[in-house]
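You will see two complexes here that share chain A, one where it goes with chain B and one where it goes with chain C.
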Partner chain A sequence: MAEEVKKQRPAPDPNSAKMRLRKIAADAYSDAVEAKKRGELVGWCSSNFPVEIPETLGLTVCYPENQAAGIAARGGGERMCSEAESEGYSNDICAYARISLAYMKLKSAPEQDMPLPDYVLCANNICNCMIKWYENIAKELNIPMIMIDIPFNPDYEVSEAEIDYIEAQMWDAIHQLEKITGHKWSDEKFRQVQQISGRASKAWLDATATARYVPSPFNGFDLLNHMAVMVTARGKEEAAEAMDKLNSEYEENHLNGTSTFHAEEKYRIMFEGIACWPWLRVTSTGLKGRGINMVTTIYADAFGFIYKDFRDMCRAYAEVPNCMNIEHARDKRVRLCKDNHVEGLLVHTNRSCKLWSGFMPEMSRQIGKECNIPVVSFDGDQADPRNFSEAQYDTRVQGLMEIMDTNKEAK
Partner chain B sequence: MTSKEIFAKLHEVAFNPKQQLNQYLADGKKVVLVTYYTPNEIIHSMGLVPMGVWGADIQLNQSKKYFPAFICSIMQSILELGINGTYKGASALVVPSLCDSLKCIGQNWKYAVKDIPFIPMSYPQNRKPDYGKRFTKAGYERVISDLEAITGAHFSDDNLRVSNHIYNEHNAVMREFAEVASEYEVSAQERSDVFKSAWFMLPEEHTTLVKELIERLKEGPKDSRKVRVLVSGILADAPQLLELFEKYGIKVAFDDVCDESRQYKKDVPETIQNPMDGLVEKFCSMDDDTLLYDADKKRVDYIVTEAQKHHAEGVIVLMTKFCDPEEFDYVPIKRACEKAGLHQVNIEVDRQMVNYEQAATQLEAFSELF
Partner chain C sequence: MYTLGVDIGSTTAKAVILENGERIVASSIIIATVGTSGVQNAVTEVLDKSGLRMEDMTAVVATGYGRQTYEQADYQISELSCHAIGAHFVFPDVHTVIDIGGQDAKVLSLNERGQLANFAMNDKCAAGTGRFLDVMASILNLKISDLEKEAAKATEPAQISSTCTVFAESEVISQLANGVKIPDVVAGICSSVASRVASLVRRVGVQEKVCMTGGVAQNGGVRLALEKELGVPILYDDKAQLMGALGASLYAFNKENKKNNT
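Now for the complex of A and B:
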């Protein structure tokens, strides 16, 4: 029997983008814990709530969706979902919400702790499920809920009426928060945050756009991890710096002919949907083992928060992925597929996310047609491990690969 | 007409929406399909007939090409009926984006049912402040301009004022019916037929029938069943389910059902001079609803209060499978009922439900608690 030789991995460079981003994400939790200990108020915030508001006001907020993803990735998804179900919550409810509601009850989780909230900040531009979830938290903990309603936009462009409505709510939210926390809004601080968030966004867009190189200088699964910082910290200086670093590393990889995709890149696909956190390794190796690199996802485009001023920011928040009509959402993906030489589309039909999956069959058909690429979907869930089948995933990915192969031969 | 005759007529309408649609079309009218909290007053005022769509208990085939399996069967079956031509002849479909599944149906509809245009209605969740009202108005104006472009009909304030009044009258009659049906002998099926038929008739026609029905019912016997419940849910119209209510002697004392009493809670304040502003006020004053933002969850207290007011000792939650807004509310409802000493049960329902055995077992056990 051959002796197992363990490859000695070099110690990670603390200055690498990956380590910096990891630290920023981890610090967000420890900072919140510290803040709570100091007696500061801590908020829970939905992922596409205008982060500029808490950032400008200097508030400490945590992101339950991120926490739920972390808990699920570390194996706690099923335990927490079952906990919520035992309270009477249906297992049809988004697993992030179930995990979060369970956490509210248990007040701790070994996979990822986070202080309980003194107020919640909700924006429904990603889903209306968010409203119900936060209502339940606000009611149960008897804490204030600040709600910025960003309605699903049925049209291609955001109407002035919608921007008016959002802008008025933003100011209302700011004034409510000033009252709750005693912190004060400053236009000057806002401009700084806007500038940093714009810089982080631009670096993110640039970094993800390096997927245009063939082979891609990165493995798309990187984005699923790094985006946590874009969600939570894009208004912070260190995030902008780390994103700049990420971009320059990807450019360097390209120049050096290296990549964080540690395999030969035989096929390039777009991955649609949230990651299956409990099955991250399985879904990733299922691709890598076949030389399939996921070079892009809609997240590449989702954090392009570059805007001129406060009002323009209101428009930007109405143009996040789950807030757009099918045509606009489709065109953004088509552009990503074309810019990044995508050969196939792998769709995660996510049991948790009705809005994301609810018109995906039609949209992905249209993308496939427009880009002339095969589309294959698999059933899964971003956080409840019970809704995923490894065998089905494997068969579907194999099927996708075979069509991509045939297409290559035909070329 | 006797109450039995009126009930029979309403039953006929409730079970034959297609016939109603064809009749209105044959009369030269244009029909607009409507769903949750659509501005039916506007549609009516433009000389168009608003007709409710709530799906049907049918097998799903083609809708599966558009929706994944975990979207509620109401949206699935509306799409199925659209694709299979059941709504043929209708001029448009109006849908508000008040839940995630409602957001999705319009996007699918545009490609699945090309001959019936989709008109979106964007409502504000923050509907109390002035900016929410302005946004509601912008939404209504958009519906009007789409309707004008599609149907050629015209909008006028004067006509809206008239329609607002007709709808207010209908609301009042429906509220009165709910009270009378609580006190007098009315079966669960009969009660459902009255609410369901309202979706497929012009309100003025429906008002006349229900007014007469109320008079007849008041001449009849009072209900003496002791198992009195408040029913809550999106729909409560499956005949097999309603039969079980009779079988186990369960009286619907009041409802918090989306296509029933929830529709009739608020009127257009006619004291507001501009009828459009009045209509905006109607929506913005709405509360106690799963789909309308409410951090205080006043809906939960509303359910308990209404149950008590109607001498109901129990709450039956009819949970539409995959309806996540209602699923979130169930937990606080359950807790509030327990606190108030009300029995409660959660029964899962689905448009494709064929087997009511589990519901029967639950209802039987529930009825024995009283």
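Now for the complex of A and C:
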């Protein structure tokens, strides 16, 4: 009998963008744990809060949304959601919020630990559930809550009046943080952080834009993982370097005819909505197994911030996808679909996110019409595994593929 | 050329043998769920009825929720495409197909060539599907096949407002306790299904002609309620429940025919 030879995978290159980004994401947690041990104050920060503020002040902050996604992706979503529900929270509330509120109570999760906060930094430009989620944490832990209200903008452009409103709050937040932590704001340091954040953002957006090549030099699911660094560390030098590396690797892949999508790319789609983290493998293989590459998503685009000064930064944070009007948000997606030769749109109707699921039916109808592509949605959840059905997902994806096939044949 | 289509659904397994993509030689419907021997029984029955053997089949196509587990299939495609193909075969002018099965409801939009162009499906909740009607019939101590004639006797259809099967069950019990007559409750149940499915239809767009497929299509009470909701006639054929398997056998024929012509 032939001896079975176990395939040895080559050791990953520690200098590859993937490994560097993985390390930055992991270090963010371990650094926070160490900072807390040293007696430093640690904050919890919402994902679209201007990271430049804590970074310029030299503060250590953690990101509950990233932690919740990590816990859910590693199988702890149901346990943590149930824990929050036993505290009285409805299962209709965002699963990230439920996981975070459960973590606040338990103070530990084997999937991903991070230190409890001494203050919370909240911006509602990504969602409004965030306000009550963070307020509950602040009240329960008796810690300060710093809130920047970046309201939904019903107009296409951000007005000067809106920027005035946000800018005043940004300075107020900075002054509150100076008082709480004793750290001092420096305009010079801000300019450095802005420059780094701009460089990281540009490299990130350039990397994601390599999906314009056919076939794409990357598997779109890579973006969902790498994005964690753009959320948490876009103001850090090492993040900018890793993003530069990512972009150059994707360009090299294109030149060499390789890709991190390890299958024949038969179809190209845009994925709309937050990833279905508890079912990431299922949702990914359901596509890859059919040769469908998710080449682009607005979610990745949401974390590239490019601006010229402090005031312009206020505008940039008012232009994130969830607080812009439907025409602006649609146009951004239409551009992504057209630039990246998208043939179909797969929409995650995310039970956790009422806001996103609320605007998507009409927006996806408009995108489908403008780009002449089929639109298919599936029910799921960003972190609660109970809101997803594998068989239903599979049928919808196959239906989408069959329509894309029909469209290809008609061309 | 004989082709076999097998539709393995959540509550029934269906099989159709087609001759030259034109004539239905035999069909079978077995009540069984995915993962049971139902599918094999359906295939055995259709072969027995036709007097043919598995070896006589040029191609076998599986569809339905169990499509990926049926090892004898040469191809598998979604029930979405199969119902579109089957419905177009039976009603060449149809543009909207409403398929209500055991656990889901689908609305398909067909292009001019009868191909699937768009679709919408129910969310995770099974309200408005065959299972909902099963539960309601059981509370009323009726057979599923009795629902149509009971609904026809209604004089003042009851309002069943809950979309949740569990809550609707208690609502039906309350209606009965309040003296509402069974035909009126049944008509209310049919309207409740129709109302839920109608919103799916509107999402895709009501483009005539409209037909109904799937097991629930056999219930005239639901068909009538849907016609009222949508304001359009709904075409029906007694092969409605077989439409997925028919589409699968047609797909098999078209695939083989194309292969032979290239």
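Please note the rule applied: the second predicted complex is superposed on the first by the 403 of 411 C-alpha atoms of A that agree within 3 Å, B and C clash if a C-alpha of one lies under 4 Å from a C-alpha of the other, contacts with A are read in each partner's own complex, and residues count from 1 in each chain.
FYI, a residue touches a chain if its C-beta (ideal position, glycine included) is under 8 Å from a C-beta of that chain, and two chains touch if they have at least 3 such contacts.
The structure displayed is predicted, hence computed values, not measured ones.
Enquirer: Given the superposition on chain A, which partner contacts more residues in chain A: chain B or chain C?
Expert: Touched residues of chain A are more numerous for B.
Enquirer: When the two structures are overlaid on chain A, which partner does A:240 contact: first (chain B), second (chain C), both, or neither?
Expert: Neither chain B nor chain C is touched by A:240.
Enquirer: Touch check for A:357: first (chain B), second (chain C), both, or neither?
Expert: first
Enquirer: Given the touch rule stated above, what does A:347 touch, chain B (first), chain C (second), both, or neither?
Expert: Touch status of A:347: no partner.
Enquirer: After the superposition on A, what does A:158 contact: first (chain B), second (chain C), both or neither?
Expert: neither
Enquirer: Which partner chains sit in contact with A:24 here, chain B, chain C, both or neither? Use first/second/both/neither.
Expert: neither
Enquirer: For A:128, is the partner it touches chain B (first), chain C (second), both, or none of the two (neither)?
Expert: First partner only, chain B.
Enquirer: So in the superposed three-chain picture, is A:104 touching just chain B, just chain C, both, or none of them (first/second/both/neither)?
Expert: neither
Enquirer: Is A:168 contacted by the first partner chain B, the second partner chain C, both or neither?
Expert: A:168 sits against chain B, while chain C stays out of touch.
Enquirer: In the superposed arrangement, what residues of chain A touch both chain B and chain C?
Expert: Correct list for chain A: 349, 361.
Enquirer: For the complex, give me every residue of chain B touching chain A.
Expert: Residues of chain B touching chain A: 65-68, 70-71, 97-101, 103-108, 110-112, 120, 122-126, 129, 131-132, 134-135, 138-139, 290, 293-297, 319, 321-322, 324-325, 327-332, 334, 346.
Enquirer: Flag every residue of chain C that touches chain A in the complex, lowest number first.
Expert: On the chain C side, the touching residues are 65, 68, 77-81, 104, 111, 115-119, 121, 123-124, 203.
Enquirer: Considering only the defined contacts, which chain A positions touch chain B in the complex?
Expert: 87-90, 92-94, 97, 124, 127-129, 131-136, 138-140, 144-145, 147-149, 151-155, 159, 161-162, 164-165, 168-169, 172, 325-326, 349, 351, 354-355, 357-363
Enquirer: Mind pulling up the chain A residues that touch chain C in the complex?
Expert: Counting only chain A, the residues touching chain C are 349, 361, 374-376, 379, 387-389, 391-392, 394-396, 398-399, 402-403, 406.
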